[in-house]
Amino acid sequence: MKPLTEITIRGYHVDGFGHVNNARYLEFFEEDRWATLDARIGLSRWLKMGLIFMVVNININYRRPLAPGDIVTVATRLERIGTTSTTLKQEMYLKSDHLLVADAMVTYVIIDADGNPVKVEGELAMELAKLNDDQVT
Amino acid sequence: MKPLTEITIRGYHVDGFGHVNNARYLEFFEEDRWATLDARIGLSRWLKMGLIFMVVNININYRRPLAPGDIVTVATRLERIGTTSTTLKQEMYLKSDHLLVADAMVTYVIIDADGNPVKVEGELAMELAKLNDDQVT
Amino acid sequence: MKPLTEITIRGYHVDGFGHVNNARYLEFFEEDRWATLDARIGLSRWLKMGLIFMVVNININYRRPLAPGDIVTVATRLERIGTTSTTLKQEMYLKSDHLLVADAMVTYVIIDADGNPVKVEGELAMELAKLNDDQVT
Amino acid sequence: MKPLTEITIRGYHVDGFGHVNNARYLEFFEEDRWATLDARIGLSRWLKMGLIFMVVNININYRRPLAPGDIVTVATRLERIGTTSTTLKQEMYLKSDHLLVADAMVTYVIIDADGNPVKVEGELAMELAKLNDDQVT
């Protein structure tokens, strides 16, 4: 997985224990999801059609604490396409030594303008598959 | 100023120096602004008319550091109504000994559905004046 | 599960889609974890002994979108004690109709002052079991 | 002022009105303060001496709303050195057309390990003056 996002941990990222707080990791992962969706698929086109990507599950493992001065990279790839759901796999690494800091599975349902889940097939599935384009080459 | 909001400082509120971070104070103040607007004026009615309260300036003094276990109260009152702007004054106190923790002046412009600033007069000014009703009695 | 925490959703809690953002739910759950640990077990005593509760996994289901004006309650109970890990189960409900909004399993490892995981047994296990005291009666 | 920080506004940055929330601007400004302090002065050296930069006042003007897709740059320079306080001036611009989005004056007091304010003079003043080095040339 090629990282798109790089974040330097600052004093304002960490909590009273001196470590980045668990909710903050989700923001780092979210930043990379949008950066990735933005860079690799025509997201704004889908949003204009009234489609909403709604997170239905996040399963995140916290593997190493992060402290100010640490630099992390985040990468996102398509893990699985189900009937109406899509799962992205995300990983966060220490830039210095490539140790895994955290990983997450983030599952979306795509909802149309009427609030109904959209089947992930055809053009939409092909578009989502582009998320892994850089893994292939 | 009668406080509407009470917040217990937790470990996740504080940063690497062990103190609540400056941006977090703004969230505490924002919570009380909405609680106050909600409780004392028919805010949703104004929002339905397409009016948006847009913050144009915040001037905040940080007077005491906050640590986990501290309990603070927040209070908001109307400070001033200008031609097109409205200024709220907010104060945050330690609940235990009523010491002032922070205070802020928050200035809004109210914008109509076309994006134009609305003159604060007539019914709108009377509605906003209700923010200080509990101070009067 | 008896809820300890009640939160009114405000405009500043929601994102560009008009719904509470996924990372924000974690803060709501975290607030109730601390409120619960604080209210039911002598947490500060454990922290003074140098023990740190480190989150190693969060598995969260997002079941309903939340919009401004919604009021939610959050409840936390002990789900499971393992050899060195402890799992809390958390649920968030709409206050109005008790519909489930989100639920999460949050797994901790307790770390001592030397950074080593602590076995959850004896007095520590008994203390953690108090988290479910109100469920029993 | 040369910008060090560039941020792409995402859906998770904005609130229910579709605009970046006022507290979030403070995080963007804080990011650039640390990036600037980090890049231009030996900040970690001062922190190791037990000095803490404590914000005592922020005065921020919000001049334009920000929406997803906007890209902003943030720049920070030293505005003023007082007896025991230091004021930084920060500006946020739309990258596309250099329109001013927000500006802030952020005033610090530097506190020593005993909690006393430190006079900003001698070597410390010279170090802080480096914040404007790129403005001079």
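Per-chain numbering from 1; labels A, B, C and D assigned in written order.
Assume a contact is a pair of C-beta atoms (placed from the backbone, for glycine too) under 8 Å apart; a residue touches a chain by one contact, two chains touch by 3 or more.
These numbers were taken from a predicted model, which means no experiment stands behind them.
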Of B-C and A-B, whichever chain pair has more C-beta contact pairs: A-B
Most remote chain, CA-based centroid, reference being chain B: A
Rounded Å distance between chain A and chain C, as computed from the means of their C-alpha atoms: 23
Centroid spacing, where centroids are CA-atom means, of chain B and chain C in whole angstrom: 28
Euclidean distance of C-alpha centroids - chain A vs chain B, Å: 34
Residues within chain A bordering two or more other chains: 11-12, 17, 21, 23, 27, 30
Residues of chain D touching chain B in the complex: 17, 19, 21-24, 26-27, 30, 52, 54-63, 65
Of all residues in chain D, those that touch chain A in their complex: 8, 10-12, 27, 30-31, 34-35, 38, 44, 69
Interfacial residue positions of chain C with respect to chain D in the complex: 11-18, 21, 23, 67-68
